[in-house]
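Naming follows writing order (A, B, C and D), and every chain is counted from residue 1.
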């Protein structure tokens, strides 16, 4: 038990430090930027993840807890209706105060508070609160990836094309050509057993699959370039109706950050597009149109999970790009949201969104698993999202 | 074979006549109205269903066919990219010409053309074209219901609250209280065998169901009134996030056509809300919020179809209201769109929509079946849509 | 006095009949069309001008008056806050009821009511009410021109390009080349003396003018074509800032109804653009940009009126096109709105609008005068609007 | 002449230093904020005013000039079409780079460059360029006021209501009750003679005035409170039509920064509203509605200038608040924009705007004069704008 406690304390320190390490290369002004209503400033992410520990762990469980500044809850509560009023999401970029220094100071206080709480809580409190600390860490890891996609969207609007990260990107994990076949029949998906999972991954349940094949790797820049060159963005017949409307109303001619000179905008600034690298910053609409053009389709999330969980899974399931599936984000059979405020974490978003599976190069270590269900609206392109093909067997 | 031919000819006459019978009580000015971009004028529906037979049946299959007026294809093509350019959907209400009389004259010519074609086609042509005539009839039946929902939406904007239909509505089919239970296990859904079905109902395939219960009848006005009275439209916790955003941005306080005086706007004009009648003109968001409030949930489309196809199905499956399910509109396993232009009929809309099942009081006779998949965006309220509860067993 | 009474009765009959004559070539469906929020359906114009006589003349002055249908006031009150609530302007096109026939029947009843009132009123009532009848007639004449511009805007949205009027347009009044010079000094503008004028034309007052020249005729299609050919719509330097924003956001490349084949859309349908005819359907922004390109400017409204009132006025002051001036629509010194509801007629629009002077080919006979102040927002293009140049002397 | 040179050099240093002094209390994050498309970040103002000297003075006139960073012109060019492409105005807040420190470093280089240029230019260059330096200083003074209004608009969106300035506001200059009368007749307005003026203030010219009275002071908070209490924001009859539309669509119930607790948001944070202080942060629409309620009107700009230039002018003409007039912003007779790029400074905005006269407490010393024409759209409320009444004599 003391081992579990010290392990949790160590992980808490490590996860918290990683958030700040991600922000470190950015100036206070960078960290203030909000590119669009769906994105948040870096500083806001840092503050929100502090607020989460205050509101979800310390406030209900730590005796004598007092918030660092009670006026800040409304600023940094994201979407928890049950935890009080919230600053309008599109105006997060208007919060120059508290300053970055104040937010970092707040994080220090929350860090100390949680550390003390971990060390001192009695057994009953541990049983009630440690799962929430665990959740808080996974929550913060989600925001670590969002910090990277959101600042990329903001810096992309600057004609100077500044880099969010110094240095050079890591080379891509190698992909493997070809297809992997699976028989039809009953399968099980969803999380079960020990280890953390979000409520939306449960309960583990049986599904019926038809025989299918799934690509061993993601679609590459070179392949996607052929789609573009073949008039992919000009041929309505390849697109879902809403996708074609997006192409026309938003003037899409290629992935979000492709530039005319053959480069793409990355966290390291503009970089040549590597032909063999997985194509990224696609919407679901583009992924589906590409699949149509390629005479294939997107995998369902059950197909994806079944393959990724198999003895010899396809390559690039994790650590490359999130992978659009053909599945809308819906509750699993017998799904129950968590009790309390964190019941708002996942369940209330189960309409209008598409499931992505896997993880990306920006997903923090330890945050990925085969049952993980990421989700975004079908037109979203600012995530590290790519595609893997599937087809009926 | 001659019987099949004369039967088709008779059905063609009957379906076509029914469209015009529905329009008959409406003035030329009424038939010009377009309440919103998603709705179409009555006259446009009459013209579009004429165009469909011209473009899909006669043009490719009738020797020597000449369009009645070749300029009209662009006016009355709805969304078939492969059949040429289209007048913008939001401006269908701007087409005062051709006049209603001209459209009706056109229908006469198309009627005669299809009748002659049915009578005279050789066997090969019959094999190729009669399924398209069949499709054209089901297509026209779909528009018959839309004619009714669309004119209702238009007349609702007139402070005089005029009636689209003379006379009084039929009394509601009686509902039966209680729940009906089904075991978990594998089941089959989807269309198979003889008889018409849309491509989106196929192929029939196996699904895995968990044990569930489904309500024997639809939720009533009286029940929904209790939800409203209990603050249903003011309690964020009951709503999906997108639903709550709709409540706030659009100021919803009750179903679309509820009026403050206890009446609701119907095709017969304002009428008192019958307490035991199924509540109608709900969005998916409202249906889901009600279910949450009631401690239940919406059925999946597989659950619905499995129950409706059972030996003793629940009441009010057909002929009352379309019933929102908890299922996004997605392709069935191994789904293949029809070949040719009619491949655009269903498949390209398989994102961003929710499946409704059953049929409504306005659905033409012969148009309903257990495998039928209707679909609308989750915020749509102008259809004849209600809800049936389900729960885990 | 009896002569004045019978003269008024005759004019009343003539003006009222003219409205209906303008509408006569249009079908009930045509008369239902509303092209945009700023335009109104033909039927609405017919009904509104009936309502005006009811609300402004008969209701306050005719003993025992009862409205034809008391529910209609809210439908056909345009913008008179003091006369009760109003149907939203953008939804005038949604009023299929009352039907055109009902509106025409109403007009008959109002016609009879006003005729009887004219014949029977005592001297005191005449003194109070006859000026309002006079106003009602001028009001109806304004709507006669709007009926023509509004239906043109609606029919222009129909790819069939139908004609609002049968037959051929009249040839243009001849223009005279050159400039007309006026000395600087004090001048008087505004209406005084007998004869009808709107309140916004009063009081007559002195203004200071600098010496100026004004063109003897309007700018022609041929001249405007040279502006277009010279990159007029691509050169920011020629435009006011708001005008350039309009060019870009709305994609303007020429006057509103110019078509690529050298024709323009007119009340008689598409017609070749006569080179010597005045260019029409310009916004103020375009008029000002053309003037800049031509090394000239637009006249102020005082300059225009001074020239038009002079002994030898320029040609095409009246009966050709309304002429944009460089003057914002503001109250004259010591301006007082009329008393009562009709005080809302003009005064409350005195911001955000530009004055046009003269009259157009569509202005009813007897409705034009040198002091008349027409006004529209600077981006409006659907009126019969052209331009005349001026320059400093 | 050396005196004139050293005087210019000294003024240049003083004006430039004042901009930075205004920004000094603000953090880098504060200086990044853009509240709305019409407002700009503080840092952007600092950079734009550096760019102006580079682009307008040094680039055309200083031998061997090289821009500090040639990529920055597109970021900080405000609206000069002739000086190249521009970053979209609504996205100025997205420019985290260059950083505040980089911008300040740039300003140092520009300061040194202009100082050297002033000291070393030969007589011909002085004649050509010194007027542009003078313009650059007045330009920077305009931005000094905008820096204050723009940051106020941004900080007002923060629920913490932070102060842009430390300390307390200065007390208001005392107002004098009553009216001041002026005879009708010819008067002269506009700038003439020595001393700087913008092109829009010229040429001085004669105008005709009717006899009028003008209030000796501005309308106060206490007076405006009575208007509010009397239903001012609920009575359509008091408002211009566009103003009433703004009240309804934007939900106005009082001046922009009034708070429910009797305070108002100021550069020093929320402060009690002093009853005798001039009411501020009004739109033209509100000013006009108040005047209507008070049985008065707004002065024309000619009336205002004539009064302010008289031997015994009204109080609070300068140093209190900008004062809405009843005049649209139009060119004076024989107005000619400056030659070259700076011709875009004023002339192209002469439509859709209303003139304000005087100056505010935030206007830099030496920047006000009786002929000064400030202008904003009629709905703008974020400026330091109040009102002074006038009436016909």
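What we mean here is this: a contact is a pair of C-beta atoms (placed from the backbone, for glycine too) under 8 Å apart; a residue touches a chain by one contact, two chains touch by 3 or more.
Here's who's who by UniProt: A, B, C, D = Ergothioneine biosynthesis protein EgtB.
Predicted model, so just to flag it, every value in this text is computed and none were measured.
Q: Treat touching chains as neighbours and tell me the shortest step distance from chain A to chain D.
A: 1
Q: Starting from the mean Cα coordinates of chain B and chain D, work out the distance between those two points in Å.
A: Their C-alpha centroids are separated by 58 Å.
Q: Could you give the separation in Å between the centres of chain B and chain C, each centre being the mean of its C-alpha atoms?
A: Result: the chain centres lie 46 Å from each other.
Q: Any idea how many Å lie between the Cα centroids of chain A and chain B?
A: That gives a centre separation of 37 Å.
Q: Indicate the residues of chain B shared as contacts by at least two other chains.
A: Expected reply: no residues.
Q: Show me, using the given definition of touch, all chain pairs that touch one another.
A: Touching chain pairs, listed by label, come out as A-B, A-D, B-C, C-D.
Q: If you look only at chain B, which of its residues touch chain C in the complex?
A: Those in contact with chain C are residues 27-33, 35, 43, 71, 74-75, 87, 91, 93-100, 154-155, 157-160, 162.
Q: Which residues of chain B touch chain A in the complex?
A: Touch residues, chain B against chain A: 79, 81-82, 186, 205-210, 236-237, 239-244, 284-285, 288, 297, 326-328, 330-331, 333-334, 344, 348-352, 354, 378, 392.
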